[in-house]
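Labels run A, B, C and D following the written order; every chain starts at residue 1.
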Amino acid sequence: MVPISYVFGLSAALFGIGVCGVLVRRNIIVMIMSIELMLNAANLAFVALGRSLGSTDGQVIVFFVITVAAAEAAVGLAIVISIFRSRETANADEFNLMRW
Amino acid sequence: MFIDLLIGAVKAVVVLLLVLNLTALLLWFERKGSALIQDRVGANRANLLGLGARLGMPNLGLINTLLADPVKLFTKEDFVPDGADRFLHWLAPFLALFPVLVTFAVVPIGDAVTIAGHRIVLQAASLHDDALYVLATIGIGVYGIALGGWASNNRWSLLGGIRASAQMISYELAMGLGVVAVVMTFGTLSLQEICRSQGGVWFGWLPRWGIFVQPVAFLMLLAAGMAESKRVPFDLPEAESELVSGYFTEYSGSKQAVFMMTDFAEVALIAVLLTTFFLGGWQVPYLYRDGFILPGGVHWALSGPAVAILGVISFFIKTLVLCCLQLLVRWTLPRFRYDQLMRFGWKFLVPVGLLNLVATAFVIVLAGH
Amino acid sequence: MTAWLFGFLATLALVSALGVILQRNPVHSLMALIVTLLVTAVFFIALGAVTIGFLQAIIYAGAIMVLFLFVIWLLNIQAEEREAGHLALKSFGALAAAALVAELLAIAGRAPAPEAAVKPSPAYGTIATLAAALFSHYLIAFEATSLLLLVAIVGAVALARRMPRRRSTAASPAAASVSATGQDVSAPEVSRRAASA
Amino acid sequence: MNHFNPGALDILWLPLVPLIVVAVGAVVVLLAGVRVSDDDSEGLGWIALAFLGAALLFTLPLIGQSSSTAFAGAIAIDNYAAYFEITVILTAAVTVLMSLEYAPDFRLAGAEYYSLLLFAALGMMLMAAAGDLIVIFLGLETMSIAVYVLSGLMRQDPRSNEAAMKYFVLGAFSTGFLLYGIALVYGATDTIKLGPIAAALAGAKGGSPLLLAGLGLLLVGFGFKVAAVPFHMWTPDVYEGAPTPVTAFMAVGIKLGAFAAFLRIFLVYFGAAATHWNQVLWVIAALTMTTGNLVALVQGNIKRMLAYSAIAHAGYVLVGMTAAGAQAGSAVLFYLLAYAFTNLGAFSVVAALERRGERRDAIADYRGLALSHPGLAALMVVFLLSLTGVPPLAGFVGKFYVFSAALNAGYVWLTIIAVLNSVVSAYYYLSVVVVMYMTEGEARPIAVQAQPGMVAALALSLIGTVMIGVYPGPYMGAASSAFKSALSHTQVSSRQLKLRG
């Protein structure tokens, strides 16, 4: 039997990979994917911690987080489309009309 | 422990074989059936050493569709276009077929039977959350088609892939609404339980089938299911007059055969699900655990195994009828236009599904008090 | 969850998550992300959160990710060429993330949470349990979610729908605004477009 | 819990009515806008205003209610919520007034614009009234998503697109941290309700690394939203690129919403355990003030300058948070009110000078403003002086309260840094005044007509800035009663804990 803290550790690692992706990658779509990875890691943490506490709350929160992820993805991709129309690139480094 | 594993493995293999045979059968139905509808002869060339003709039998085209065609397909050159994403091009057909095949795992093809002291549920896997599982696998099924279209490096393929995924995503919603209505009606997510609660009769004569409680959901699921399987009148993704052959334009040989198999497996899947949700699954009207009890009060006793076998047979008859219905529709209706397809899905099926859901909820709450 | 199953799934999850950020082709990244999400769904189911696991597969892996696929196709985003420069920034990002993970892992190691601590009831993770919680303790959150989705729909449509046709032939606000600030960024932009056209 | 029992839920409609009114308003605006072209969206603005006014009326009965919760602790009923809701509604109303001419001029999609504005306000109000972490999270998301879109609504303008993109990426990034923080806090305490979490923090679990790491991540998440250094990178670009009324709404509204939740979590509920977090906050506050003010010195664009000034002001608020305690809490609440009116005023002037799709937001554009538009120039002077902290304006009183609270709590060095920063800030605020009054303007200045919406927005901001400054008593009273009513939640819950224990 594997302790729950292992699963939690896995979620921490996934979260770190997501953070790394946002910081390192410059393709805007991949950056948004990395953010999804972070949210997914948080979901895993909620379920794992909820299981170790024997409470359902963690799962209910995951339900909300999935909704939020959907909303964020929709709006984020809409923004990508609108910026692509004027700029024709998905590389964050080229979004430099204003200094970062 | 070991015997349980063995039973599980046998069930899985049996279900898989049944599905594969069903798809082959459907292929034959499609070819000869369409010939029948269009008043032509259809496949009639291939035969074994002229045996059928020598015996004076009409050529039913069985050799053609069940042996010659598959052999031809599987031995053709497997062509990968220049600039294609080779890995995904190879993976896509299997990504399309796999989710459809595994969905059959939760479909109950009969009641539980007891063989040599082992109670065996005639369902390859029972998950308790079967209905959610079905929706999940159908949802994942999008990727095979979509990636097949993209990986071919061909604009017709890509357009077909985009159309297919947009269509499947849109109709999944209607499908989900239909399934939710059914789940609410029977109060369970388990398909076996849903079948079980469709036993018995109302008013002494009407079988307690889901179709009589949820006719709207039945029609919705039929329409949405046909759209999910991307067949006429919803075959926009492979509309040959516009897109050559849609997402599998660039496929040949065995990979194309797998895509075709997916098509027929989806037809079978829709039929099987509709049977389970609305036509009582393995239930035979008036047949109970110990035999028939007809509306007049006539009792006709039957042994346990006989009842179980009758159940399985009834399941397959219903499934075949629904399969034929889908094939019939395919050869009867013209194709939708893309905007009509989307409008039908979003502006008709979804609102109707929501209203149906609200009505169902009201009835359940009122009945509860 | 048995050790070998955990090992297998965890490896799969880590490899596919790394695939998300290491692949050059966005479609491949997306495939890796879908695998990660599905593996997470399996984890949910293994941890007793069966309903959430299926929902994750239906909504997250099955619907949201298709949206990404559409946008990648719509914009025809190709694989990146090797990214130039920013080595300092990248290594800083990787280091920061690694430090974060190390800290969280240390916490996970110290958190006493063995699996056998609590035996969940049979109702744990079923749809009935979730629904009861959603419509009682989380009622406000549930309603807020519906508004959130409405906001997202309105917002996405507002941004992504076709531009309204301009009535006047006056210079576009965009060009005007750029020149107004004296930052004449538009000239190379225009020439680049002209070159590509 | 497994058996659904709606009767067990403490459903109270009263605290929800303002929220519901705003939500209905947003939907009505959206529906009414179906046939309205973007060029005459002014009517939609008035509809939005009407609903905001109604919401304001419905907030009044909440004032003076004894502190309690509803919906199983998800919604807090207290003066604190009412205080922030009123401020948010006023902010939204001034923003709408500011936009009445701006939106058609810049061809913003009217229906979506006003309805998203209302939705964002709804998110902020939800954050102010939330009693558990998940509602705070959802309020934050509603607000953020609406504002991501608002800042990108000038779709033909690449700067606006870019602003939306940067704000979205960094905002969603911070959401990830916030969420993971919530997960850790939940794992450590088995609850997401603020009261029990505070009890756990004060109790035996207080030192649990899980809980502390969770608090740290929450701090990061909120740090992004209130634009504290080092999480401020997005602020100047987003403020510059977004449509000016939206920038005003961001500078004020988002700060209000985020600080409402931030203060409620850290100052009110975790105040007793301030030793766990106020060292970190000390550093962040000092960094935020200093960076904001120093970088503001070299800005050539008025919106960027105000963005860095907003960062600096977030730093002053954090000084108050570091001090912790009832005095500091009231001071911070008061400060936010003063800041709201002053900043709205400054941005109104900026918006008033932009015409017909033409952005005039370089500081150089303000040359000779005193001659061409003496009224606007004078108003700008008032708002800038208030931002600097010159008596008798609102900004001065706010700073005075916050700094004295920090001094009383013994944070001498932090207060010294804050005062020094105020002195530095005077330089860049006053340099705008210099540009307006002491340099030659263009030969043909752009004519700005007095339009009712803009005039009303400016008047409201001016009245607020001056009134609060000259006669701060009642506002300070409201702020302190708001903070005390929020504090009484924690006393109730700790008393209950004692009874149980």
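Heads up, the rule we're going with is that a residue touches a chain if its C-beta (ideal position, glycine included) is under 8 Å from a C-beta of that chain, and two chains touch if they have at least 3 such contacts.
Since this is a predicted model, take the numbers as computed values, not measurements.
Novice: Name the chain whose C-alpha centroid is farthest from the C-alpha centroid of subunit C.
Specialist: With centres defined by C-alpha atoms, farthest from subunit C sits B.
Novice: Per the centroid of Cα atoms for each chain, what is the distance between subunit A and subunit D, given in Å?
Specialist: Roughly 25 Å, centre to centre.
Novice: Would you kindly tell me how far, in whole Å, the mean C-alpha position of subunit D lies from that of subunit B?
Specialist: Chain centroid spacing, subunit B to subunit D, equals 55 Å.
Novice: What whole-Å value do you get for the distance between subunit C and subunit D if each is reduced to the mean of its CA atoms?
Specialist: 27
Novice: Cα centroid separation between subunit B and subunit C, in whole Å?
Specialist: Spacing between the chain centres: roughly 33 Å.
Novice: Residues touching two or more other chains, restricted to subunit B: which are they?
Specialist: none
Novice: Where does subunit D touch two or more other chains at once, residue-wise?
Specialist: 1, 134, 138, 141, 145, 148-149, 152, 155-159, 164, 184, 187
Novice: Among the residues of subunit A, which are close enough to touch at least two other chains?
Specialist: 8, 15, 18-19, 22, 32, 49-50, 52-53, 56-58, 64, 68, 71-72, 75, 78-80, 82, 85-86, 97
Novice: With touch defined as at the top, which chains are paired up in contact here?
Specialist: A-C, A-D, B-C, C-D
Novice: For subunit D, which residues count as touching subunit A in their complex?
Specialist: The touching residues are 1, 134, 137-138, 141, 145, 148-149, 152, 155-159, 161-166, 168-169, 172-173, 175-177, 179-180, 182-184, 186-187, 190-192, 233, 236-237, 240-241.
Novice: Help me check something: in the complex, which residues belonging to subunit C touch subunit B?
Specialist: 25, 27, 31, 34, 38, 41, 50-51, 54-55, 57-58, 61-63, 66, 69-70, 73, 126-127
Novice: Using the touch definition up top, name the residues of subunit A that touch subunit D in the complex.
Specialist: For this pair, the touching residues of subunit A are 8, 15, 18-19, 22, 28, 31-32, 35, 38-39, 41-42, 45-46, 49-50, 52-53, 55-58, 61, 64-65, 68, 71-72, 75-76, 78-80, 82-83, 85-87, 92, 95, 97-100.
Novice: Going by the contact rule set out above, which residues of subunit C touch subunit A in the complex?
Specialist: For subunit C paired with subunit A, touching residues are 1-3, 6, 10, 13-14, 17-18, 20-21, 26, 29-30, 33, 36-37, 40, 43-44, 47-49, 51-52, 55-56, 59-60, 63-64, 67-68, 70-72, 74-75, 77, 80, 83, 86, 89-90, 92-94, 96-98, 100-101, 104-105, 107-109, 111-120, 124-125, 129-130, 133-134, 137-138, 141, 145, 148-149, 151-153, 155-160, 163, 174, 178, 183, 185, 193, 196.
Novice: For the complex, give me every residue of subunit A touching subunit C.
Specialist: Within the complex, subunit A contacts subunit C at residues 1-10, 12-27, 29-30, 32-34, 36-37, 40, 43-44, 47-54, 56-60, 62-64, 66-75, 77-82, 84-86, 88, 90-91, 93, 97.
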